[in-house]
Amino acid sequence: MKKIPLYLVLIMGALVSVGPYLLTLNAAFKSKQEILTSEPWALPANPIFSNFGEVWSRYDFATFVVNSVIVAVAVTIGQLVFSTLAAYAFARLDFPGRDQLFWAYIATLMVPQIVTLVPTFIIVRELGLVDTHVGLIMPFVFGFLMPYGVFLVRQYFKTIPSSIEDAARIDGAGTFTILWRVMIPMAKPILGTLAIISFVNTWNNLLWPLIITHSESTRVITRGIAQMQSQFNQEYHLILAASTMALLPLVAVFLVFQRHIVRSIALSGMK
Amino acid sequence: MPNPPDTEPPPRRQGRRSRAAFEAYAMLAPSILGFAVFLIAPIVIVVVLSFYDWNLLSDPEFIGLENYRELAGDERALKSIGNTFYYVLLNIPAQTVLALLLALALNSKIKARNTFRVLYVLPWMAMPVALGVIWRWVFDPQYGALNRFLDLFGVDGAAWLTDSSWAMPVIASVNVWQYTGYTMLFFLAGLQAIPAQLYEAADVDGASPLYRFFAITLPLLRPAMLFVLITSVIGSFQVFDTIHVMTAGGPAGSTATLNYQIYLESFTQRNAGYASMLAVVLFAIIALITLAQAALFRKRTTYDFS
Amino acid sequence: MYKTRTAALAALALALPAALAACSGDDGGPVTLRYAFWDDNQRPALEAMIEAFNEEHPDIEVELEQNPWEDYWAGLDSRFAAEEAPDVFWNHVSRFPTYAANGVLLPITDDIEDDGVDPAIYPENLYESWQYEGEQYGLPKDWDSIALVYRLDALEAAGIDPATVNDLEWNPVDGGTYVEFLQKLTVDANGNNALSPDFDPENVVQYGTAMSSNTGQTDWWNYAVQNGCSLQTEPWGDYAIDAPECVEAIQFTADLYNKWHVAVPAESTNQPNGGVPGDYVVPGQAATTLDGSWMLSFYRDGLEPGSWAVADNPSGPVGSGTVINGLSNAIYAGTDHPDEAWELVKFLGSEEAQSISTGMGSVWPGISSLNQGFADYWAGEGIDVTGFQTAAEGTTTGYPLSMNDAAFGTAAMDEFNQVWLGQKDAQEAAEAVVAIANAE
């Protein structure tokens, strides 16, 4: 009974958390006039679906979505593969320069993305990858997100007792076999976390695509939304419908993975 | 029966080590290559550029320490440093305290914990670009949800995003909204790692809830606290998208953090060399603060950072 | 012997493709030009012109790249930095001096002479605004001016005769007939307008006007010109907006917000958060506005035909007047296809191309003789657009030409945003802007 105030506070907090999403979803079904004349939390009097249709037809929204998906999936896979390899090396293998190299990775976490934009652009141009999907993907996999991914997975690997690996070694397993057969299955939770962090951060990124892509065939959703905003500054009904479509895939992916994330953060050793 | 002789001759041990090293480098190769090309190389270029004057259109011109000297007299840049600290002060304590309280609440015996947890973490997914529009709509002085809501109570809402005293607090609260749930997860994990026996022992001694919190919970949360503070402070020095879509650094430069000022100098004012200098300064600030945090916590925690 | 011959053949075999590759760079094979622009409203016209272009040049493909205004210049600049820019792009007078001085634009003086393009078809001042140190860097694509756009239904409700709209006057002291006009159009929830003693400024449903411009082009610059202010000492010179005539005009603009309350509040319209003026007129928040001729299709698409019209600008103490501007199509100095790019630019500057765009009512053409086509299109839509032409024939000032446009733009927006909010004095703000903008 005395928990009621607590529940009230928690419910209000939850409302604030999802409020903006709900308001957006609500408005996406209203006509332009209704958005201006009704209260934002009022349900639509005559819900319409045409806003979504209008966004799709006026803009090449399909292309934006496809591009975002290609880039985000590629980056996620790249991160899972390369960061895991590196993380295992840092966590378990002994080699000269290991700790210094690891600290160098960590140090680059403190460098903001904005700072390296133009130099990275110049490098990508030298590689002939301007305005290409590969040019979009590579700096994400190997640059912006990589140190965090390596850090995360390495910390997790460190919490797995080495006795399991030692047993496998005695059985004659080589390093790569251990990694593939022993470590990775045990690391599913953190890999799930890394996957979702990579996917979300890539999907939501505006700066790099803004600089590296210009043609409309490589445009991703973030740029599409930014483009829409300046063209239709007060046409909230369209902008909010587009935003809904941009937000929903992430929410869906999250709901699928959310148990992984929570468990892996718990297990990743806040010790 | 005598023990079998020691059969691990030194050469074999060395061989194992160099084989391990070779395997390690093989595993690391793609990552290191990428690291060198896409992280180290750009950073080196930025540092070098800080000694040049470059308007993006012609060739860079070497000017030595001129950029660094100019900083002392640059009001906008100095103001942006102030704005950055203001933002961090508004953002981090609120976010950390709220996240901790939430974690405590969700760690206790209440119903629907999972549901609450999911709802509180959802904001983290939000695409800043899309959210920016939504927030601008929510904070619009005439049609926005916030002022309409306040109207119901007869309170006159301010011109949130066009008023230079309110713009930064608004941006900070948007960020608190977005990351509190995510931060909460780390505290939750830390709380769940505290052995229950400690609390039971305290109960036997008749300890009050406040005592339990300050004597047991807080000290044992230090590792989680360290991780959270370091990563969220680094993150808040780098905030960009939210500012870009909500205020573009305005009104009157009140929401231009140093990170955003770098963007403005580089792309609006075409001072890429000067912007690079600012980037070096920003990195130095972040590094100093991170080291200070680590040092402060390191004395009293057994968290293994290596 | 064998080895030498084999070696020679091998060398030839290797050299031949290389030679062919070197040759084919210039002729043969389809060429793709990238053409960058910002105003999506003009896309249909651009596509139509490109189609016509392809009839004469089927092997030159043109790929359109649109970026909204906010991101256009940052994107362009970073591409110049990486030496990987679009072949042809829209150029604006504010950026032209810096680009020309830094050598990123391809001069077309020789091309114009060789191909016999006649500069006389363009207005002289427009043509000359794309010259730098004796070289021509673009052909006029269009021109624009500012005029008064208003809603007929609002005027009717206020009992104002549309015929009087062309003769409004203002002065800094009491506002004149212009402010009176706006006051009649500022209506509160109870139906009282701003002239009534019962007027409730807290509860306004319709404002007389809406102003929103980050540089001033659609608001205070016009009042400045009408008050005798020159924004610069001379083209390419220093900014001079702290002169008394200019400050008076800035103060007048601030008064529209804070003294007479006839403008949509600055809290809503201040850039970069606010919309464009049309965003307030179309939903009915404002009855009139000063807006540019490039926005006509925005009103056409948002308002019912017959519900809006265009009138001459009000006159200030010195007369009527406005800011004239124009864009050009420029060629990137580092383009791989200078000849093809010139063909495109030449075509876009030709009568054939520009009559296509005027026929669609897109923008006023760079070629003077085609103005009638544009006016005819809008007459067909029921809108009399001669207000823009009248404005262009009055006292005009060109868009300021300066290497410091970036500094000026940022400073002007920041400082005057505060003046519109009533937080800063106009003289102080103008002096601050001038200090920052003329610093380099």
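In this document, chain identifiers A, B and C correspond to the written order of the chains, with residue numbering beginning at 1 in each.
Note that in this section a contact is a pair of C-beta atoms (placed from the backbone, for glycine too) under 8 Å apart; a residue touches a chain by one contact, two chains touch by 3 or more.
All values derive from a computational prediction rather than experimental measurement.
Engineer: Comparing A-B against A-C, which pair counts more contacting C-beta pairs?
Structural biologist: Result of the comparison of A-C and A-B: A-B.
Engineer: Relative to subunit A, which chain has the most distant C-alpha mean position?
Structural biologist: C
Engineer: What whole-number Å value describes the gap between the mean CA coordinates of subunit A and subunit C?
Structural biologist: 38
Engineer: Please report how many Å separate the Cα centroid of subunit A from that of subunit B, as a whole number.
Structural biologist: 16
Engineer: Mind pulling the residue numbers of subunit C that touch at least two other chains?
Structural biologist: 70, 74, 78, 81, 274
Engineer: Quick check on subunit B: which residues sit in contact with 2+ other chains?
Structural biologist: In subunit B, the residues touching two or more other chains are 56, 272.
Engineer: If a residue has to touch 2 or more other chains to count, which residues of subunit A qualify?
Structural biologist: Only 36, 117-118, 122, 226, 229 qualify.
Engineer: Could you please specify the touching residues of subunit A with respect to subunit B in the complex?
Structural biologist: 3, 6-7, 9-10, 13-14, 16-18, 20-21, 23-24, 27, 35-36, 39-41, 82-83, 85-86, 88-90, 93-96, 98-99, 101-102, 105, 107-120, 122-123, 138-139, 141-144, 146-147, 150, 158, 175-176, 179, 200, 203-204, 206-207, 221-222, 225-226, 229, 236, 239-240, 242-243, 246-247, 250-251, 254-255, 258, 261-262, 265-268, 270-271
Engineer: Which bits of subunit B are touching subunit C when the two form their complex?
Structural biologist: 54-58, 136, 140-142, 159, 161-164, 246-248, 250-253, 264, 267-270, 272
Engineer: Hey, which residues of subunit B end up touching subunit A in the complex?
Structural biologist: Touch list, subunit B to subunit A: 17, 20-21, 23-25, 27-28, 30-35, 37-43, 45-46, 49, 56, 102, 105, 110, 116-135, 137-138, 143-145, 148, 177, 181, 185-186, 188-190, 192-193, 223-224, 227, 234, 237-238, 240-241, 244-245, 259, 262-263, 266, 272, 276, 279, 282-283, 286-287, 290, 303-304, 306.
Engineer: How about subunit A: which of its residues touch subunit C in the complex?
Structural biologist: Against subunit C, subunit A makes touches at 32-33, 36, 117-118, 121-122, 125, 130, 210-211, 214-216, 226-227, 229-231, 233-234.
Engineer: Help me check something: in the complex, which residues belonging to subunit C touch subunit B?
Structural biologist: Against subunit B, subunit C makes touches at 70, 73-74, 77-78, 80-81, 98-99, 102-104, 265-268, 270-274, 406-407, 410, 413-415, 417-418, 421.
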